[in-house]
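Here you go, one structure.
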Amino acid sequence: MKYTDLIAACQQEWQEYTEHEFVSQLADGTLDQTCYLHYLKQDFLFLKQYARAYALAIYKARTLSDMRQALPSVHALLEHEINHHITYCSEWGITEADLEKEPEDAGTVAYTRYVLDTGMAGDMLDLFAALAPCSIGYAQIGKRLLSNTDASKLADNPYASWIKLYGGEEFQQSVGQGTEQIDALLADVDINSRRGQQLIQVFATATRMEVAFWQQGLDILR
Amino acid sequence: MKYTDLIAACQQEWQEYTEHEFVSQLADGTLDQTCYLHYLKQDFLFLKQYARAYALAIYKARTLSDMRQALPSVHALLEHEINHHITYCSEWGITEADLEKEPEDAGTVAYTRYVLDTGMAGDMLDLFAALAPCSIGYAQIGKRLLSNTDASKLADNPYASWIKLYGGEEFQQSVGQGTEQIDALLADVDINSRRGQQLIQVFATATRMEVAFWQQGLDILR
Amino acid sequence: MKYTDLIAACQQEWQEYTEHEFVSQLADGTLDQTCYLHYLKQDFLFLKQYARAYALAIYKARTLSDMRQALPSVHALLEHEINHHITYCSEWGITEADLEKEPEDAGTVAYTRYVLDTGMAGDMLDLFAALAPCSIGYAQIGKRLLSNTDASKLADNPYASWIKLYGGEEFQQSVGQGTEQIDALLADVDINSRRGQQLIQVFATATRMEVAFWQQGLDILR
Amino acid sequence: MKYTDLIAACQQEWQEYTEHEFVSQLADGTLDQTCYLHYLKQDFLFLKQYARAYALAIYKARTLSDMRQALPSVHALLEHEINHHITYCSEWGITEADLEKEPEDAGTVAYTRYVLDTGMAGDMLDLFAALAPCSIGYAQIGKRLLSNTDASKLADNPYASWIKLYGGEEFQQSVGQGTEQIDALLADVDINSRRGQQLIQVFATATRMEVAFWQQGLDILR
């Protein structure tokens, strides 16, 4: 099977995630800034756990080649992406101290710990099936918003930088490489086997946790 | 330090958890039945992960004595409590098939996977600090609702059985034994040490995830 | 594939394990008692880790049914088998205090931690593939020694009780049930797939660690 | 407590490790080349597991700072040290294909999986206590052999390169930094507390597994 089979097997959850109200409001610039700031702070906490998940992939690897494939993600997260995120947050008036003292919201905990526990209990393929909705979904959302002017606007949109980041060439290419790795791992798995069905279940649950992650950004206003 | 120090260190979160609106409505019988049924189904999914967490405690144990202390919980959950829960659910019209096909909601995932990941990444004391809000909180809620007729009513309350279960002697005693075990583990830890502060952080986060678990029961009506 | 395919794929290692010099000397009663006592003490330490491994299987399980299948092993080990072993050791003049203060020898560490780490890094099937040489090998050795009077003698053999235990009906039946469970897990796996080859590799390595476990019993005399 | 307390608490095991016969023969150049080649091949397999252990440290970390402290070790191992080892082995006539097909010997499994399992079951401090004998012991051995001409000879010694590597400035400095990190983690721990005693036990067991690792190099001749 391929990663596209995972998406095809949970169309409804995938749509709820990639076309979530938070995304629509971000796309047309109507998202309340309080929601966006909450999202940015939670995303910082998310990135820490994300780095732990790729470190877990190295621990789980059976071959040097697999270990080396996971290393650049850990390295990029800890040495670059988290710092970039801190810089980006500071442009929105959020200090590093604000980020450090922010408590993890339930949606953040739900997605990240689901990934980590599923990866630990299962094998490396379970881990990547749980990680996949994040990068693949962001790439799909970014591409749609950047290219489809019906779905988004870039002028006079305070969140245009978000759209350009995830819709941009660099992010799209990096996710493209990631999906090739996932497809290589999935190549041995028959979609109709017990293993195939387990992976669909993992991917669908992780996708629903991504929905909860968007939703918590809106719920801050409740 | 003692388990009461953990509670004292996060009074606000503890109150939000133990006096949550879901609990208040359950106490006076005004809780919408849809909410209660959702809670019951999620609680079934919770119990599976709870059994995994106590199995993790056996894996984590350094001594035979610690392994044997965790075993009765795994045994009780897998051999009795989950079956009792299935029976109880059937009295509310929920079949075992309903329970099995219920997707895990984000609050359920958040609390259970936080416990499992925190326990795996830390040591046995982290695991028990993350588990503690569940049993201790339920015991405190049950006791208050059963004894305080201002806070609850037992007559004409469809949820009286819940109050009697968690306020009852058997549950209270079992939690009492559990807190003795936690206090024995905590005895070595200075509340002001780095270790003490880590455990407070774990307990507080787990307590906030319990709040999310109650909240998802109300959110089903949104 | 079936468990017999795992054995067939590492005939040489399997023979070195099941026909090890330690076993031959135990079979004909010529084994130095110092070696046997060392083996008994290490086996006590082994059983603790073995209980952790079955607890790990509960943590790793995806279904209630799989959790319940692993529970009796944890229960039997912690509530009965370890105590029986302590009693048996006392008949050989080894006190419980002796057992508790015995340092784990390298062969004991090698086999048990290989099982635990392989099970943690992989999934439940990796765990059972690493556990399998122990029970299946002991059953095969016990059966051969009890039935084949060329290979062993039971009269005037101080180790006859060992042969009767592992060759006996109760142990044989219990291992028979275990191999059915392993075969159920293996049923989906093609022996020629990457997964099949990984499992063969795990089983073969675990078998070699069993050889090291026997060998350390003899090496005590060096 | 400090790392020197760990060594002081297991003087006998430490001496058996750092003054092992394998080391003495390597120091004076009398070590059979078969033994050295076996050691080199096992050391390659060791390095893979060592990288997994540092990846586990990132997974186990509670803070970004701790994650970043473990990253350089993973990076150095996967991007440099393993390749250097392959190059060094080729100078001794061992090809990369030889290294890949070499089965892990029991001493290699014992030490590496003890580290990984102890680190997983305990917390980050347990992991570092189990890792410590390796780097600290090699640094101590290297320093002694390079500086003490009674204990070693460098001229006409085929193993002089080994002594120069581990006795050299670069390795000594890197281990010096590592021991500072361990001391920072140990600073909170009272040597006489239950925690202090657990860490001593972990360090002593890991040291004994290092003895087994040296011994397997000599045992290849049996």
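General observations
Every chain is named by a letter (A, B, C and D) in the order it is written, and numbering of its residues begins at 1.
The definition used in the following text is that a contact is a pair of C-beta atoms (placed from the backbone, for glycine too) under 8 Å apart; a residue touches a chain by one contact, two chains touch by 3 or more.
In this text, all values refer to a predicted model and were calculated from it rather than measured experimentally.
The chains in contact with chain B and with chain D alike are A, C. By residue number, over half of the touching pairs seen at B-D are also found at A-C, the match among A-C, A-B or B-C.
Look at the CA centroids: the one farthest from the centroid of chain B belongs to D.
Where chain B touches chain C, the two copies mostly use the same residue numbers: shared numbers make up over half of all numbers in play.
Chain A and chain C have CA centres that are 43 Å apart. Centre-to-centre separation of chain A and chain D, using mean CA positions: 38 Å. Remark: chain C and chain D have CA centroids separated by 29 Å (rounded to whole angstrom). For chain A, the set of residues that touch two or more other chains comprises 52, 59, 120-121. Here chain A touches chain B in the complex through residues 52, 103-104, 106-107, 109-110, 113-114, 116-117, 120-121, 205, 208-209, 211-212, going by the rule given at the top. On the side of chain C, the complex with chain A involves touching residues 59-60, 62, 120-123, 126, 188, 193-195, 198. Residues of chain D touching chain A in their complex: 48, 51-52, 55-56, 58-59, 61, 64, 67-68, 71, 74-75, 78-79, 82.
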